[in-house]
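The letters A, B, C, D, E, F, G, H, I and J name the chains in turn, as written, and every chain counts its residues from 1.
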Amino acid sequence: MTIAEITKTLLDAKKAKGVTFAQLEEILGRDEVWIASVIYRQASADETEAKKLVEALGLSPEFAEELTIPPLKGSLDPVIPTDPLIYRFYEIMQVYGMPMKEVIHEKFGDGIMSAIDFTLDVDKVEDPKGDRVQVTMCGKFLPYKKW
Amino acid sequence: MTIAEITKTLLDAKKAKGVTFAQLEEILGRDEVWIASVIYRQASADETEAKKLVEALGLSPEFAEELTIPPLKGSLDPVIPTDPLIYRFYEIMQVYGMPMKEVIHEKFGDGIMSAIDFTLDVDKVEDPKGDRVQVTMCGKFLPYKKW
Amino acid sequence: MTIAEITKTLLDAKKAKGVTFAQLEEILGRDEVWIASVIYRQASADETEAKKLVEALGLSPEFAEELTIPPLKGSLDPVIPTDPLIYRFYEIMQVYGMPMKEVIHEKFGDGIMSAIDFTLDVDKVEDPKGDRVQVTMCGKFLPYKKW
Amino acid sequence: MTIAEITKTLLDAKKAKGVTFAQLEEILGRDEVWIASVIYRQASADETEAKKLVEALGLSPEFAEELTIPPLKGSLDPVIPTDPLIYRFYEIMQVYGMPMKEVIHEKFGDGIMSAIDFTLDVDKVEDPKGDRVQVTMCGKFLPYKKW
Amino acid sequence: MTIAEITKTLLDAKKAKGVTFAQLEEILGRDEVWIASVIYRQASADETEAKKLVEALGLSPEFAEELTIPPLKGSLDPVIPTDPLIYRFYEIMQVYGMPMKEVIHEKFGDGIMSAIDFTLDVDKVEDPKGDRVQVTMCGKFLPYKKW
Amino acid sequence: MTIAEITKTLLDAKKAKGVTFAQLEEILGRDEVWIASVIYRQASADETEAKKLVEALGLSPEFAEELTIPPLKGSLDPVIPTDPLIYRFYEIMQVYGMPMKEVIHEKFGDGIMSAIDFTLDVDKVEDPKGDRVQVTMCGKFLPYKKW
Amino acid sequence: MTIAEITKTLLDAKKAKGVTFAQLEEILGRDEVWIASVIYRQASADETEAKKLVEALGLSPEFAEELTIPPLKGSLDPVIPTDPLIYRFYEIMQVYGMPMKEVIHEKFGDGIMSAIDFTLDVDKVEDPKGDRVQVTMCGKFLPYKKW
Amino acid sequence: MTIAEITKTLLDAKKAKGVTFAQLEEILGRDEVWIASVIYRQASADETEAKKLVEALGLSPEFAEELTIPPLKGSLDPVIPTDPLIYRFYEIMQVYGMPMKEVIHEKFGDGIMSAIDFTLDVDKVEDPKGDRVQVTMCGKFLPYKKW
Amino acid sequence: MTIAEITKTLLDAKKAKGVTFAQLEEILGRDEVWIASVIYRQASADETEAKKLVEALGLSPEFAEELTIPPLKGSLDPVIPTDPLIYRFYEIMQVYGMPMKEVIHEKFGDGIMSAIDFTLDVDKVEDPKGDRVQVTMCGKFLPYKKW
Amino acid sequence: MTIAEITKTLLDAKKAKGVTFAQLEEILGRDEVWIASVIYRQASADETEAKKLVEALGLSPEFAEELTIPPLKGSLDPVIPTDPLIYRFYEIMQVYGMPMKEVIHEKFGDGIMSAIDFTLDVDKVEDPKGDRVQVTMCGKFLPYKKW
């Protein structure tokens, strides 16, 4: 089974079962984005989490093991994605990358925001002029080590 | 004057003046990331904002006008940036792009998070295990129009 | 079923049935370009629309559900398309992109034409010197938010 | 003088003079987008048009000749532009390219919309929910010649 | 059936039948290069032409319909082809592109040679020092429209 | 002096002198496309040709020597050119590359059309429905050597 | 059968048969590199050569015909190959390309070394400090034709 | 001084002095291709060699030091060179890369031809049917180390 | 069997057998990274090593032969890998490539670190502040040969 | 002053002064590779380090400040570097990337080696068969955070 097939199987099961990410969040005690990342094989679950997830989707337990293997991450094709929703994050990096760099260095010194010791939340902010998508990224600041 | 020269002039003036983005935020009543975006010519200020900014940096008023022109945005070279701080945002898009897409569609339906009707904040979250960088993106959800 | 297979099935059914996009436009009460976008899985229909479309093409109702899923959009390969009809739109962007940007900013200020809150019509303009293709794009102007 | 310098000189003069594209349209009797294309050296004017334009911008007549030379067209860098306003036209091609191709072939047969025997207008459509940008492209249909 | 499979089927049939492009040219009353373009699905035939071609190749009539559909054109992979025969045309464009542009503009003004209202012939020019390949391209000059 | 500067100097001189490529063809006894190739530094002249050319353009003899150096050829940027006139040759290669390959191999066997032992002519074919650009390429057939 | 499958079949047969390229060289009277090129479908054999080769590999005669078709040449993926042995030839071109160009032009004038009227030999040069690979390329010098 | 300027200065001096690579070969006791590589800053000379070379070109001794610095090698732009002479080496790699790999592995086992412990000679092979360029590459075979 | 299938078969067998790379290192007397390279078909084993490895993984002996063939190396897709663990090595090359080059040339003169006569070890360095990954690369210095 | 100019000034000063990286290591109490990284503006020094470095190179103190600014890192052009010494690190990533990933995950679980909390040493390992370059990379293991 390729990664694309695993993802499709899990998403189809999720649809057939009629379960939402919010519900999975409650069942697993993990954030819905992280769970979606496991389904897309961008994150690896431990055995307990994998079993709970597979069970919640109504799949047989044998699917659980696959979800515990550290995956080959990053899967967008082409390298600058064309899907408008995903592309906007590329655009944000292009437009706001240098300004963020400037501000982060002023606040923290030379270093980066970790994308590994990192969490990402998606929230709906209700607004009479149109609801808003709020994406909160929170990563440990890693200062450059000198040696 | 090219955009790179304008940016350099403003950043040099900011350094010479010893003023921080946080202080500029208070003077202009605009977020520091937005102000950094004006300096990098990724956003355009109105005349009042431009004058205040130029004055705060101790530059002559003639620099203000340049900052009001809608700029040619997106300036990273090469197309997949090599600077580690900026690259991490590319990596986040690669790794979490599809999971976010899945969750956003479940919460909002088919559409995108606007990168135009959009705000971006950078905060320092103090943490005994190491401070964290928090980036909050908030964009209007734009549902696909049918016609 | 992959997206390419869905599209092929629908186009083959359309051909077998001998129905035109103009006729589908009347049946669904939606523009023919939008309907073609659903068929190419670049737009998502609601359940009623999907059922009508599938029925009009003489396919079994089970195909309808696929058409309601928000698709992964943008599907041209390679990134600069080689098909002459499609390439001309790339060429128009290359040649007229900067002039349009200049004129739009003068008329509207800093911001963009939305490609989401957006409609696109294709019309035949009869002309004795040779008929003309008229493509009308109409998107909401989105001014850059300041924060 | 490079093309970038010519464009900058003309745009600076236009700004200094305080003349809009709409006013230039009246003076030259040519559409404002076409005039902007001459300024960006994507289109070539004849001598009369070039002189009128240069005069309207308050520049010396010697600039006119440059504007009559057939230019090397297409000037965006990188090949997939990062400026959000211009990128949206790339996105439209990615998302709606195949659907448009399908509809145009059904209406006209095998061939293309010319990007040479071609006009492009930008209009402001006022709308209480937010003004809209309307871009009308109109190109001669060119059927593939058989031989 | 994919386009590659259609092409392969037709070429295999042509080989099995032992018929040359020159003979097909006589049977169809169309140039051999155009016929090869139909076989490679770069051009579309009308029903009569398609039937004649399929019959000449000894294939069942059902293949004819495929050949009448306007194809997705341009099929070389990678974007700069590596096959030496085909690459030479890329090289000719690289080396002689600007000189041709200069000469064509002097002869015709600003505009292009159409690649749609266009014919292409391949001839063998016998020469005692080695036969020569002559490729004659003839396209309508399309002057840029002003508006 | 860079190649771009040499070309610009020669083209400016040609314009100032008011001499056409057709006239240069008569003076040098070489085809106008080849002469344009020398000016764009894609071909090298011998000393006599270089002197005649420089003289015909009213430049001092010292420019002649530069034109005799074998140049670094191929100068288009980006690798898939955006200028519509030049791009059409890329498109012709994309659309008709495989069909030409098939026909040339049938006529000549395995090998290529030389782009070195090669001539290229541009002619105007008058036509009441619109004049046509005729480009005639003629290169020695080079069969693959076996060893 | 795809080209990759043909190559694999032939290489597997060669291995099963235990025959070396050096032995094939003797059987066919052709150089081993050329024979390997036929197996990789980068060169085409005539019928006699193809039959001898197929027979020497212990395959049924029907494979012979495939080897006589002029192939689509150049097959490395990606465009800058990652295999260290093959990459070194790219590196040699990068490092020694300009120096070779300079020396060849001094020796021969403006023109190229043909890669078609061309032979390539691989030899083992025994050396107590470590054996050496010697690659001898020999191509006809093709002077640029003037016209 | 940039590398391009150093190279140009040395080549201009070589031309002014009227000295050939063959003559430099005699003076330095190094191969002409290696000397051309030093001039193009792809190889580094020792102090004695550098002084001899600079003197032979009639330049002041201060240029010598630059030629002893290990250079940043590989300088072709774009990554797939467009100059026909240089491109042919890319083509040879594309067409004969896999066959050479197969033959080298059979002769030597798993490993590569070094491009560092490596020599490259360019010779003129006189031939009544047209002189030939012979390029002899000879690199130490490096077997893969196991550990 | 493709390389990807061979790798998958071996990794699945390794998992089913519950054997670690450290254990394979003891069985084969080769480093675990080298063994992993054989499994990913980036290195070739001799017959004895291949048999031991296949046996240790509980596979039938017929798999052994495949592992002795010199493989086509380098297999990452896309050319700049998106997997965060692997990308970091690209980043290290981007950030520390020039500084390493400078230091190596100072220590060794002009030349390179071989990637063929080369070993690579991965070790875990325990650290109370968080364990560390230590990667030790050790390659023969190859000085550039002069000729 | 651009970054390239700063680097050149510092390297020229280092050469004029005749000081080695090893000596700078003693003066600054920092590793020579890190110091070279500061010179190439890939790392930022604090004020004391910067002053010491500038003084050791015999430059005026005003250069020190530039070296304390967090730089825009990653500066290789093109994206796959052509310099053989630097390219080998790309090759190592291509060939050993997946095997290292496999081994690191087995030893540490899912996560990465940090390239920020990271040190890199270059050592000369003397060896009678030829000295060896040893590069030791040591980065903190960062496990993927779950949330």
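Here are some notes:
One rule holds in what follows: contacts are C-beta pairs under 8 Å (C-beta built on N, C-alpha and C of every residue); 3 or more make two chains touch, one makes a residue touch a chain.
Here the structure is a predicted model, which is why all the values come from computation and not from measurement.
Listed here as common contacts of chain A and chain H: I, J. Per-chain CA centroids place chain F at a distance of 48 Å from chain J.
Separating the CA-averaged centres of chain C and chain H is a span of 54 Å.
Across the assembly, chain J contributes 34, 72-76, 79-85, 87, 91, 94-95, 101, 105, 111-112, 114-116, 118, 120, 142 as residues in contact with two or more other chains. Annotation, chain-chain contacts: A-B, A-C, A-D, A-I, A-J, B-C, B-D, B-I, B-J, C-D, C-E, C-F, D-E, D-F, E-F, E-G, E-H, F-G, F-H, G-H, G-I, G-J, H-I, H-J, I-J (touch as defined at the top).
For chain I in complex with chain G, the residues that touch the partner chain are 72-77, 79, 115-116. Per the touch definition, chain A reaches chain J in the complex via residues 30-31, 34, 43-44, 70, 72, 101, 105, 109-112, 114, 116-121, 142-147.
Put simply, chain G touches chain H in their complex at residues 11, 20-21, 32-34, 36-37, 39-40, 42, 73-76, 79-81, 83-86, 88-108, 111-115, 118, 120, 122, 124-125, 127, 129-142.
By the touch criterion given at the top, residues 78, 80-84, 87 of chain B touch chain J in their complex. Residues 80, 82, 84, 87, 91, 94-95 of chain D are the ones that touch chain A when the two sit in their complex.
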